[in-house]
């Protein structure tokens, strides 16, 4: 029945996601929504003016919530990262404003009759993903956040740079909050056939420094242009493609964890209905504590913000 | 020997071109250059943080002119479109500033030993393309501008919208200056098996209005976000891909026209060495006059600006 | 709702189409059907063993007509081209056998409740497409054949070789029967901005010889491996992609022509519901006669074969 | 300097590799070589007749060893798998014939001045890869075989089917000979965040049966069509792409192992110069014994065949 993706929020992230989708021919129908009618119209026309020079055709609709009814995936890229200029990158400065936006947008999604999977990029993503689930009333498995899929990519890039290998050949995860309480779960990370801890010992790598590099990566990006968009939008589209193709792909996205009672990032299997099942990591005691801390932090922030 | 592309200028256009190239895996080596070291670093890191979630590997180097020596293509996306906010979209407000930048960048390209094809997006593109050719000393066939490849796409989109067909199925060209003196050469435009003039007669289409829509398209994009990037960067990358694959593809790009003594857009065959040969359109007398006018305008502007 | 394609017939053509779709990630669900259970199982497993090394996930189902119910497109690649070894390439030797197969397959498609678009590659394609329409009871616009989309490609290749340009930059069509009564409608063919007839005059090209080259192309392929598959399967998938993305793309496929009362190839606009509208070519008197002849031939053959 | 790939051997494997490359636009120049001039011409023309309906341009040259001089990668797909019909799938029946062919082809590759990376698919691949290295005189790191990259994919598919997950989300390797002495190194295999041995315990999976399924996969494919091509050609092209893009990607290919004195499959990092470095797996004692056995087997077969 053809692939239909909705993207809500045409800021730098939403536009980069849309560009990636249009350039790759990944959707047949693309619904772009933004309160700033001039901006979303501008991007839509710009994409359409790219199409005569592209190999693929994409049908673009703007600002029509009704047409989300039969979408396979909606990506929420709403938010205002410029606020983080003031907060020095703390994503929670976006929370109060985004809560209001999410309530509004979530109601409209619900009213559209949408019954696909919602992929949330909006920050602070774990809290917001939970809120979206509540407002839309979608089953928990049908609402996920990009979470530490991005941070895991940052970790992989940092490790790969140190080992001079392709970042896709580093396996493992950053877990927990897509925020300061997250951590690289080094016990899960492997490269060159070895646990990263073993490699670190042999090659005298400082994992704390690499962890730092991964975090700094995000700040380098943010400081250099006052937003980040390519890494996170690619993570969002990757999740969307797994959903569209019912891939049952393992992705470290923010998902509702019964055992913690919150949304946080932990690798799960993602298919057409969203989260299909969870992986089960053999974390160290220290990592489990960090994860609990991260869960508690998200829980508290959720309570403060949403009640 | 693998594909190597350089992009100079990491503004909205250069970054969108780089994103398209990275996401599509179209280059093996990508050299990104910008005076704003923080911005180009930011984008490079952002792309690298996308790569663990992408199917392709791209090696990114930043701010290293030496590494352009064996590049196949360099795309110039330097410029400051924000100046056009003052000039109401008149691209010539960018000229004085860009002339200085182009002299600087052109000298550096020359010094690198680059002997591939230079694809210029920088505005006003016809004048700047000529200047780039002069400064780099590259053969004229190895320096082209995206020119009205974008405007032709805009025209195709506008025609296609009116006929409810895919914009790739409208053939024909906008010719001359990538600027106000350009024109849709309606005698070259066909769709649905018919000359557009015939269709216009039958369906009561107002071609002047469609021409206007195509121009307005550009302004809609510019007004909505104060820059345009997806359409024009896609045009630039399309030209780059034709060069890389030695496609001998027909593209309406800005190229040096002996008969006019200036760079202007007219469809030519583009391959690994740039312009291979020219097409020969059967333009109407009126179209030829418009083209002459456009050529004269570019000539005069070139003289004023560069001497 | 994700993209679902069915392919019936896993010979060289069906398998090449499936390979192209799997390698490009163009379908989310792919239903492969063949009477030879061992062969279709073999190909399905082979594709699945390719997937760990591919960027995309495709869900493959075999020999399940029921699952075609909600397919967007079905490609019919049934047939036995090896018969043409005896007939010296005459596609009609396949007719008697294919009529029986089509009746069987068509009934099963009908029983599945399929309501998408059927793209027929099975030869002799114009007669068979008509038969498929009759048996499935699908609206005429929802049943098309690849027809001379392949022959047009052959003509474009031959012209492009002579002019040393990209074959995608030759416009125009071969019309009529995908068989011996077809013809290159030279009045529709353009390259390098000129009618091909003009170029032929200037460059002393012998269009009859090029026409011959285009036909010989097919025989060169057939004689070299006793089947043809890449060109024709690419044509079929191109049509399928236009349908999936509702592109309203102009394609010279076999479609039901009221004015002739048969299926034959003439460029039409193809979208999600199949044929949306027709183009209207300004053919010469001679070309119109050839088209009438081709139509009469198909009509007679249809009558003989199906009654 | 654009991407150039050579493929020697236009059987089912070579043709499928070429199709994948042409359809994906992965090479700018593609050199196809086969002793059967009619077959390679047939495929080349067939690909060229696909191109007007493809988004990418590929320049195809046939049977010109000289043009391999500046190729980045050559894929050897020579061989005659039909012999295995007699040997019940034993790849060594191909050895005597392939030794002669490889000597001939290897000399011609050497004479061309080729200095890229040779990717060998020809069976029995470990012995043949060693022979190719010897005959061409290329450095050992520049000659690799697809080896158990295919068998690892088969294992991943079998595991993934049992767990209902994407086969790309199973990590780990089949090691040793691409032949009967190979084995799934279960200690390296993980899925769902767990060692496969752990999952097997929990879910009562029979790993020996899965290992068997993986092997049977190959026979299912072979028996169903008397050759296998999609899985193995995809493995070969994946290696080629890692080389072209200098990805430093981890691939379980056949590479020269100093410690065993033979070519066998073990994961290594592959970039533009072929093998960059090796991984170091923590194999169990039993697995190390199996690997030694496999190495000894290859060594003996090499001695017998080549001396």
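List of remarks:
By letter and in written order, the chains are A, B, C and D; residue numbering begins at 1 in each of them.
Just so we're on the same page, a residue touches a chain if its C-beta (ideal position, glycine included) is under 8 Å from a C-beta of that chain, and two chains touch if they have at least 3 such contacts.
All values reported here derive from a predicted model rather than from experimental measurement.
The minimum number of touch steps separating subunit B from subunit C is 1. Taken over every residue number at the interface, the positions common to subunit C and subunit D amount to over half, indicating a same-residue contact. Here A-D and A-B are compared, and the pair linked by more C-beta contacts is A-B.
If each chain is reduced to the centroid of its CA atoms, subunit A and subunit C end up 41 Å from each other. Look at where the CA atoms of subunit A average out and do the same for subunit B: the two points lie 33 Å apart.
With each centre defined as the average position of its C-alpha atoms, the distance from subunit A to subunit D rounds to 36 Å. In subunit A, the residues that touch at least two other chains are 56-57, 166, 168, 242, 247-249.
Interface of subunit B with subunit C (complex): residues 55-56, 164-166, 168-169, 171, 188, 192-194, 242, 247-250, 267, 269, 276-277, 279-282. By the touch criterion stated above, subunit A contacts subunit B in their complex at residues 16, 19-20, 22-24, 38-43, 45-54, 57, 149-150, 152-154, 156-157, 166-168, 170, 217-218, 220-225, 228-231, 233-235, 238. Considering their complex, residues 1-4, 25, 28-29, 56-59, 70, 72, 241-242, 244-249, 272 of subunit A touch subunit C.
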